[in-house]
Structures are given as C-alpha cells and as structure tokens.
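So the structure is just underneath, and the comments pick up after that.
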Amino acid sequence: MSTMTYLQAISDGLREEMRADERVLLMGEDVGVFGGAFKVTDGFIEEFGADRVMDTPLAESAIVGTAVGAAVVGLRPVCEMQFADFVACGFDQLVNVAGKMHYRQGLAVPITVRLPTGGGFSGGPFHSQNPEAWFMHAPGLKVVAPSTAEDAKGLLIAAIRDPNPVVFCEHKHLYRRVKGDVPAGAYETPFGARVAREGDDLAVIAYGAMVHTALEATANLDGATVRVLDLRSLVPLDEEAILETVRRCSKVVVVDEANATCAAGAQVAALIAEKGFEDLDGPVVRVSTPDVPIAFSPPLEQALLPSVDRIKEACRELLAY
Amino acid sequence: MSTMTYLQAISDGLREEMRADERVLLMGEDVGVFGGAFKVTDGFIEEFGADRVMDTPLAESAIVGTAVGAAVVGLRPVCEMQFADFVACGFDQLVNVAGKMHYRQGLAVPITVRLPTGGGFSGGPFHSQNPEAWFMHAPGLKVVAPSTAEDAKGLLIAAIRDPNPVVFCEHKHLYRRVKGDVPAGAYETPFGARVAREGDDLAVIAYGAMVHTALEATANLDGATVRVLDLRSLVPLDEEAILETVRRCSKVVVVDEANATCAAGAQVAALIAEKGFEDLDGPVVRVSTPDVPIAFSPPLEQALLPSVDRIKEACRELLAY
Amino acid sequence: METDTATERSKLAQAAASEHLTPDDRIALLRTMLLMRGVEARAMVLYRQGKVPGSFYDGFGQEAVSVGAAFAMAAEDRLCVLHRDLGAHLVRGVPVERVFAQYMGREGGVTRGRDGNVHFGDKDLGCVGMVSMLPDMMLVATGMAMAFKLRGERRCAITWFGDGSTSRGDFHEAMNWAGVQRLPVVFVLENNQFAYSTPIEQQFAVEPSKRAAAYGFPGVPVDGNDVEAMFEAVRVARERALAGGGPTLIEAKTMRMHGHAAHDDMRYVPKELLEQWRRRDPIDRQVARVRELGVDVEALRALVDEEVEAGVEAALAMPMPDPATAREGVFAEVAEPLGDGLAPWSGFGPDREDDR
Amino acid sequence: METDTATERSKLAQAAASEHLTPDDRIALLRTMLLMRGVEARAMVLYRQGKVPGSFYDGFGQEAVSVGAAFAMAAEDRLCVLHRDLGAHLVRGVPVERVFAQYMGREGGVTRGRDGNVHFGDKDLGCVGMVSMLPDMMLVATGMAMAFKLRGERRCAITWFGDGSTSRGDFHEAMNWAGVQRLPVVFVLENNQFAYSTPIEQQFAVEPSKRAAAYGFPGVPVDGNDVEAMFEAVRVARERALAGGGPTLIEAKTMRMHGHAAHDDMRYVPKELLEQWRRRDPIDRQVARVRELGVDVEALRALVDEEVEAGVEAALAMPMPDPATAREGVFAEVAEPLGDGLAPWSGFGPDREDDR
C-alpha cells in the first residue's frame, strides 16, 4: 500500500499488468519515447521495449482497428487516445468492429481503450469532452470511469483482463489533483458502484471527477446527511446499487460533467423514473453541462461545467421539496 | 395536395427545394446515376445535372467534411449516408467540425445529413441502427425524425433551410409502408412535436417508425384513450409538449427503436422525472431495443425491436398501476 | 482490357500460371470455384423464393480472386474475408450447409443468425467476418500481422476489399501502418470496375496498384480472372511477408458480373463491357486447363452440384434461432483467439519444404 | 538536409526566389515573419506569466511556410489555417491585438474566448479556424474548392497540415476527392520533421511529396524555410488551380524549432539537428535579401516590436467574456458565408494582369 496520484495509479496498474502478462501491449501517439502526453507511460519503453510500448502514427482508426486485429490473435492491446476527444476519429472501429464482434461471431475482442476525458483547465472544445455516453449507446462495449486512485488502478487491471472491449475514462482533471492509498501488486476492482459516503437525507449519484465535486458540495449541507454513490462502471451499470440508493434516500441528484442530453446521467435518471419511482420523494434532479461545446476561456468554461455551488443549490432545493 | 409514400415525400421535398434554391446540392454514394440505394433521388441527375446530384467516392468523412466546406462558402449541401449506420465513418467531421463551428467562430454550417435509419427487414447489425442519440449528445447539431409523409417533406425542407447542421433521420421501414396526403409546393414543418392522437388516460411518446407501432398498439386498448405524442424533432426537443402531455395524462410510456441505454427515450424519461414529476401518476415506462446489435435472422430481430405487443403490454400494466 | 482470341485462350489454358501447383491443386482450385458459383447461384434462387432474408450479394465472375488467394494461405495464417469472397470460406473448410444456413439466418449458420448473409467468418477456421463498413477489415488484418511480427511468428494475414473501398480513410491508415512497420500482410484489392453503381473513374485518378508505391511496398496488378495467377501472386506475397519483406498490394483486375446485390439490374453497366468480360470467365479458363490434365470436368461438376444440393437440404432442415436467445452473447465470458483452418495447397503438405 | 556554406547562403539571399515579387512585397514578407515571431515570443512570455490559459503552440522557425503561402492568395480565396500558421492570419489582416486577445481567451479575441489559443480563423477575412482533429480541415478546404468549381468561380482554397497528420484517413479522403474531381485547392504539407515526439520515419515510409502521384496531381517539395520559394510554389499552384489544372501538394520542408507545445522540452530531438536547422532560419534568410535592397532592417524590427507591444497592451485592456453568455451561440440564426481578407501581394493590385 502506498500513496499515489490518480495518474500514478494508472501507470502502476499498467505496469503491473504488463509485468504479469506478456500479451499486454500499449499503443498510442507519443506513448513510447515521450511517455505519453500526460506521462502515464513514462519510463515504460525503457522497461518493456518499443514493441510493447508502441509509438503509432497519428491515426486513431488504425490504433483501434489494429488493436482489434491483435486482440483476436491473442494479444491484449491497451490503446491510448491522446485526448478522449480524438476517439471520434476511431469511432467506427470501436462501435462497429470491436463492439459488435462477439455478438455476431462469438469472437472475443479483449482491448482496452484509454480516454483521458474531461474539462476544467481551459482545454477548449476539443480537449475537454466526456464522450462516454456515445459508447454506452453502442452495444458490446463496456465503459468504466474511476474517481479514485485505488479504483483507477483496479478498474484498469480489470479492464485489461476483461475479454471484451472496455472504454476506460480517466479524468484528466483528477490526474494530479487526486491522491490516495493504492494497494501494491495486481488487483481487480469489480465493475460496479461504490458508496463514496453514506447518508440518508439525499443521494448524489455521480462518476469520475464529479464524485469529488459532489463530495465537496455535500460535505456540509445544513446538517443533512448526503449519500454519494460513485458509479465507477457505466456499462454494466450497477442498477441495483442505484435503486438501493433511491430506496434509502428517496431524493436524488444525478451529476454529470458531460453535455446533458442523452448523457449517462439521463440514463440513470430514466432508470430511476422507471424502476425507482415508488421510492421517490421528489423529482430526479440533474446537474450537468448544458449542450454547449466546452469553451476555452476560464469564465465561460466555469459557467458551463457543474460546480460545487450548482450542486449545492440543487441539493438544497431538493431537500426543501 | 396528393397522396404519396414517405419516400416519395422526401423526394418531393428535395426536388422542390432544389428547384427553388440553386444553392442546394446533393452528395452521396450512388445518388446520381443510380438514383440512390432507396431511389430517393431517382431522376434527379436528369433534372439537375451531375454537378448538383453528385456521385461521390465511397468516403463518408469526405462527404460530410466537403459539405461543410461547401456550406461555409454559400452552398446548401444535402448529404446522403447510404445507410444511417455508415455515419459512424463520418462521425468526427459531423460532431467536431460541423457541430461546433458556430459556437467557436460564429460561422454557420447549413448542411443536412440524411440518415436512412432503423430495422425491421433483416438488415442485420450494420443496416438497422438508429444512431440519433449520438448526435443528440453532440452540441450544435439539430436532429429530426419524421413519422409521416407530410412531415417528412416539411421537416426536410426546414432542415435544408436551417442555417445549422441538421441530422435528418428517415426511417427505412416507413419508406414504402407509410402513405399520406402531402401538400404541393414547398413548406416547412416546424421543429416541434405534434399530437398524433388525442387521449387522456395514458400517453405514449415516440418518434419515427415507433409512432406507427404506438398508434397500432393503443388503437384499441380496453377502452382507454391514449394520447400519442410524435416528437418529430429530437434537437430541439419540444419539452413543453412533453410536459404538457404528462400534465394531461399522468402516465407515460416512452418508446424508442434505438438501443435503450442513453437513447432519446432516456432523455425524454429523464426530462419527465425532473420537470414533470409532480404530474406523474406512475413510473415512466420505457419500451426500446435492448443493448444488443440488431440481429439479422427474423425471429431474433423481432425479439429485439419494440413490437405492438410489447407496447400494449407496457400500456396495460401502466394503466393498471 | 485486352481481347483474348481463341488461340490465346487455349495457350493460356495449357500453361500453369504457377509451377507450385500440382495437378491435384489445379483441380482443387477448379472444384472450389465451381462450388462457389454453385452455392451462390442456388442461394440466389433461395433468395427469390424468400428463404434468404435481407439482401444477397454474390461474386459471380470473381471466383478466382478469393479461391486463388486463400489457397495460398497456410493453416496458421489469418483471413478477413469480404462479401464477394465465398471461395475463401470454402477453401478454409466451411461446409456448404453452414453457408446456406448462414444465408438463411438459421441457427446452424456461421453467425447463428446474428449477422446477415455474407457477413461471416468462422473463428475456428482462422477467419474474421467482415463488418459492412468498408474497408474496416484492412485495419483488423493489419493488426493481426502486427501481432505476428511482434511475436516473431512466421505467419501472415490477408484481406480483400473492393475498388470503391480504396476511397475511405481506413484504406490509407492500413496501407500506411503496414508500410511503416513492414508487416506481414497481403492486401487483395478486388477491382471489379464498380462500387455499387459508381465506376472506378469516380473513385480514383490513378490505377490503384500504383498507389502501393506511396506506402513503400510493391503493388502488383494481376489478372483476377485467372485463379492460378491469383494463387501465384499471393504465394509470392506471402513468402515476402514471411521473410520480413513487408506487405504487398495485389490488384486483382476482374469484373462484377452481377448487380451490386440481388435487387440491382445493373442498367448502368455497358452491355459490351459485360460481354468482353464474359469471354474471360475464370471458371472457363480453369476448366480448359484441367481438361488438358485429362480430368472429366463434367463429373466434377456433377459432384459439386450434389454437394450444393445436399447442403441446401441440410440447411433447410436446420431450425431458426430461438428468439429467447436474442439478447445473449453481447459480451464474451472468455477470450479465445482465432483457430486454424484448412491449408489445402499441396505445398503445405507434410513433405513440403519448411517455408513458413 | 544539405549544409549551407556561408557563401551559398549569401548567394541565395541575393536572388529572389520569385520574379513576381516587388521590393515592397519582399519587405512585406519579412515584416510579416518578424511580426509572427514577435507575437509568438511575446505570447510565450504571457503564457509563462499565466495570462494565456490552456496550452500554447508556436511556429518558431516555420514562419516562411504560412507567410509565403498566404501571401500568394487573393482576397476571394479561402484558407483553413493550422496551429503553426499565425503568419496566414496576419497576412489576411487579423490585427495583432485580436491575436493576443484570442490567446488570452478575451472577448476581443477572434473566437471571443470560445475556442482556444491557436484554434481560430476570422470568418470575415476568408479563414476557417481549425479543429484539433488533424487534418480534418483538408476536407473542409476540399469542399470549398468543390463549391468554387461547381459555381465556375476563379477562386482557390488552401490549407496547411503537418507530417503527422498525413497518417490519418482524412488526408487520404481529401487528397483522393480533390484528385478525382480536379479541384482548385492547394495542400501545404508542413513537414517539420516531428509530430509531437514522433519522428517522420514513424509516420510514413515514403517522402510525402511523392504521394501526390498516387492521387494524380503534382507533389512539389519546397524549401519551407525560404519565404519567397514558398510564395512562388503556391503562386504557381494557385494559377494551376484557377486554370482548371486541379490540386497541388506542396511539401514545405522545415523544422519545428520549439517543443510541440509550451510544456515540451524536446529532449527527443537531437541537438545537432536543431543546430543545422538554426543555420537555415527563414527570417535570417529574408533579412539578408531585404538588406540587399537597402532597407534598414533594424528599423523594421523596431516597428514590429512596437506593434507587438501595442497589441499586447490593447489586448490586456480587453475584458474577459461575460459568463452569462456562455450558453449562447451554439446555433446560428442566419447563415452568412465567409467574407474576404486582405490580398497584400502587389500582383493582386489594381494594375495586375487579370489572372484570377
């Protein structure tokens, strides 16, 4: 057990799994000599060599498509998109080739696609997106989004070992801001939710960076005890944990950093409206980014992303309902 | 006014607008000499010439990307994807180039991208998809999905005239099955919902082909009167019409042919759970396609797509709630 | 296209295009082409009878391209097979009845009714079934080759794709990646003159085999209607790949003799063009060669017809999939890599030189 | 890369690379390069001071590529400008203060704080701002050219993109489309030896200018550190485009002299390589030429410095955007096509021959 950042935990998970399983290889732009745009794979090429830490051409469709090919002949490729936003350029290979392969042919595609997601640092419209909902809406892909260092490592190892294509959303804004105790060695975190904080008066359901914003917003909310549910996995979605949370708290705020329409948060809210209706004691309130590209300039960006204040306000209103 | 099929109405709309506005041009694979895979543009090349009815190379990213270029210098391109499924290959140009242009630079991108969507005829996993939710989750794109011949023509003309990129979802299964009276000449159908049938006991909210399935399922439902709301436009989403429907009926079934998770139906349900909660008299029930690729073989496909029976059953259960 | 006079054709027929083929190999090539044509002709009838759902695509006139190329592949090689390449499935050992069951969406089909008609690949026979999005499979084949190279294995990947497909970005990304990393992959461009209704002049300004030069590897134009020439070109490309020489682009010049799919009457194709190509039928050509070997071709045809009919009957007896299973199998429980397939070429037999 | 001896350099300096440039044009080219370098150097300081949010990319050492190319464009031509091409914005007439305001995310910036630092294009000056996804803008430029051709207009589109960007599918789709339809578009490949940390050997196996042949149009290697050579190559390509000759690929050979972005110390670039290229600085070369014309270059520098400082001050005085407007402008109310920009080349002046 040692304390490390979210980013270090991701590196650690990758390193452990590469040491343990020689089928694992990394592919991406500048992941080798440079160690990755965010230095997640710093030092990897020295330890594992250029064959297993592959600097690819600038070609996202090729990164995903060749990973599929390598996977079906027995490797376990882990692809890095330099920023999550660029997955739009490999979209077809991911949703149509990787996602549908097993259903169609019974052929497993064990690839992991790492997406550095999210905003909050003036990345602008093309370096701040949270595209997870696109992949939730594409059958055959699993989607995970850790919020802590411990889960980042454990979910990554589980993703690599999973026999299916897994989209791994690592939030850039957490890379160096979040630290935590991380067990040594290889371990898997199961693809399900966890309770980030117990509470009974109200629940906030979130994932990724928003878990921290939610915790901060509800740490001291006029004496109310607020349960925070960290989804961790979006596909599969832990419906039981969500419904259990509704049963327990009866009032729910769903927080999502992605653009609101058809987001993960919409799915959670729809689930609750259908299967948790009887336990509800108020509307299912959503806090999310409006349907606007993420602006570059700090005052604009801050006005768009869900903030501690907006979550607080939503919680207060719902508590008063 | 004359009676025509949904497909003929689309052709008619295109033809009218091309006659009225010489800036309008069609681009797509086999739209010229062949008249389009579904014959929507049959005879167009003869009337408008190969310059305005352009047989393109097999390259969806290029179709969307060059359309954006032509649009910003004053043309009004209408792109056809041969099947909606292939838009995955032009995804990046659509969401990142077309969708974000106006917010970023104040530059309008008046393009229309026609997507022949939907299943029901053994098209299999790659010729049956309903990808509209991907584009609802991409800011800057409008998304429409007509269910009648009259609306197909009117919404298409409105889409072409709209100064923004519009994703036009035309459901293949309606092409020749749906007929209706269509006004002559050019007219615009506004981007908002319409009540397909009035009713008070329950509401079904749907769009595209599912409007017809919903109408059939609820035509004779143990004496209950069922309102059917046809969304027609998904972006903008007619929130007022949806909430008015909830106020009126208190019980709502949301039907969606797309894969369930993060679908348009999820967004509608989430909206109701948040803003229509007080008017609800039962859970927001969803009927949709599970998160499975659309299988080819008829018994499998029928088991996946929402059917009259499944909708009936959902309505009955909710009525009994 | 050159016009073949009768004498030229007879000369061609006699000469083997490859010295690496035994008489049995040459017969096997013919037999597989006949089988492909027989299966597809029969399937078209089934389609018209409403027994094949969806649409149906065939490779009439292009049989040499998939049969010749797949014949040059070893058991441990891997294939991404496209929509006009039934021959490759047959070479790898997919039984005819499973092909018919596939077309008819039955439980006994290769995809168990999950995917449509020509979108299939038997994972136990070294094949990945195509997705519709063309030519996505070029990248999958490139990735398989990448894995072979990384692991230092003497194996190779092959894939087919059409003239139209060369216009898409994935063509470029695959060609470039394979070229930069010098991967053991064979790209077979099936230039059948049309992409749906679109003629090749609207897809590219330059003969596509010349494009390989832009990626640093050879582009080889081949008579795609000569099954032995196809075999030989792919055999050489495979050897090159195994020796570390990198990829090859083979442009198989052929003609799509039927419409794009069952519904297409091909009005846009000039009659004379079809007539010209009809005279170059790949089966006729191989028949002439095999006759020279003293083989009773009519007997062979009869055997093939029998196999086709037996296959149809067996397939028709198979059940449709159980709708209760429709939601199953989206996710895998375990990851099992592709298995091997047949390697019918005698050069791969027990006493071959160890060239792999 | 050849090594230039001092004498060679002086010879080069004297000779104009294009006979189409007047002395004033040659001075304007130098002035704009100096302005680009001055603005970017100053912006880097602002970045270090925390006044430029996000990241910052510059084109140090590549000034000739955008300045020379944009200078050859007429007012009615259209440009898709990339991240190392500030020179093109300056040529088109974007005031320095708006550039600084853009970098700093202020309301007075070209995108009014909506998009980041180098992602901009002034729609009133004929420019489309890039998206991050490389090289998506090649298709947008191709589409503009398509519109020009369809309407029978004598105009042309131009875009820039890097060596790394050539690996993406959109490069191919654009090159192919432009080639098949013979569109009036100029593709400027800015080969600066690296894509982030990735050297060109990992992007392509063949010199990229040679790739144009695969699309049926000329690929022209140019010394990208010679602003007059860049001008001349693009001028010729533009004339060709206007005459219906179709596209040209110009490969500007140059070097990224700074890190990929502000945070990158470029450890992966061999020192000697940088040293070699430093001796070929595009500004030094043009300074020598302009000196030969008897111009006081130091005075020019001083003027440029003044303009830069005034621009910074003006920008710093501009407000940040109002957060209350953050949600506005996602959709357009009306569609207004791109406007014209400056065309500073004297060949476009009132007494030019009518060559457009």
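By letter and in written order, the chains are A, B, C and D; residue numbering begins at 1 in each of them.
Keep this in mind: a residue touches a chain if its C-beta (ideal position, glycine included) is under 8 Å from a C-beta of that chain, and two chains touch if they have at least 3 such contacts.
This one's a predicted model, so the numbers in the text were calculated from it and none came from an experiment.
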item	value
Chain whose Cα centroid lies at the greatest distance from that of subunit C	D
Averaged-CA centre spacing for the pair subunit B and subunit A, given as whole angstrom	30
Inter-centroid spacing, subunit C versus subunit B (mean Cα positions, whole Å)	37
Interchain centroid distance [CA atoms averaged], subunit B/subunit D, Å	41
Rounded Å distance between subunit C and subunit D, as computed from the means of their C-alpha atoms	46
Junction residues of subunit C - those touching two or more other chains	111, 114-115, 119, 131-133, 167-170, 173, 176-177, 180, 202-204, 330
Interface hub residues of subunit A, defined as touching at least two other chains	56-57, 59, 61-62, 85, 88-89, 92, 96, 100, 103-104, 125-126, 139-140, 291-293, 295
Chain contact topology (line, ring, star, complete or other)	complete
Subunit C partner contacts - residues on subunit D that touch it in the complex	167-173, 176-177, 179-180, 201-206, 210-211, 213-217
Residues of subunit A that touch subunit C when the two form their complex	25, 51-52, 56-57, 59, 61-62, 64-75, 77, 92-93, 96-97, 100-110, 139-140, 142, 163-164
Subunit A - residues contacting subunit B, complex	85, 88-89, 91-92, 95-96, 99-100, 103-104, 125-126, 133-134, 136-140, 235, 237, 258-259, 261-267, 269-270, 272-275, 277-278, 280, 282-286, 291-293, 295
Partner subunit A, residues of subunit D touching it in the complex	53-54, 105-106, 111, 113-117, 119, 131-134, 164-165, 167-170, 195-198, 202-204, 268, 320-327, 330
Residues of subunit B touching subunit C in the complex	29-30, 33-34, 37, 55-62, 82-83, 85-86, 88-89, 121-127, 290-293, 295-304
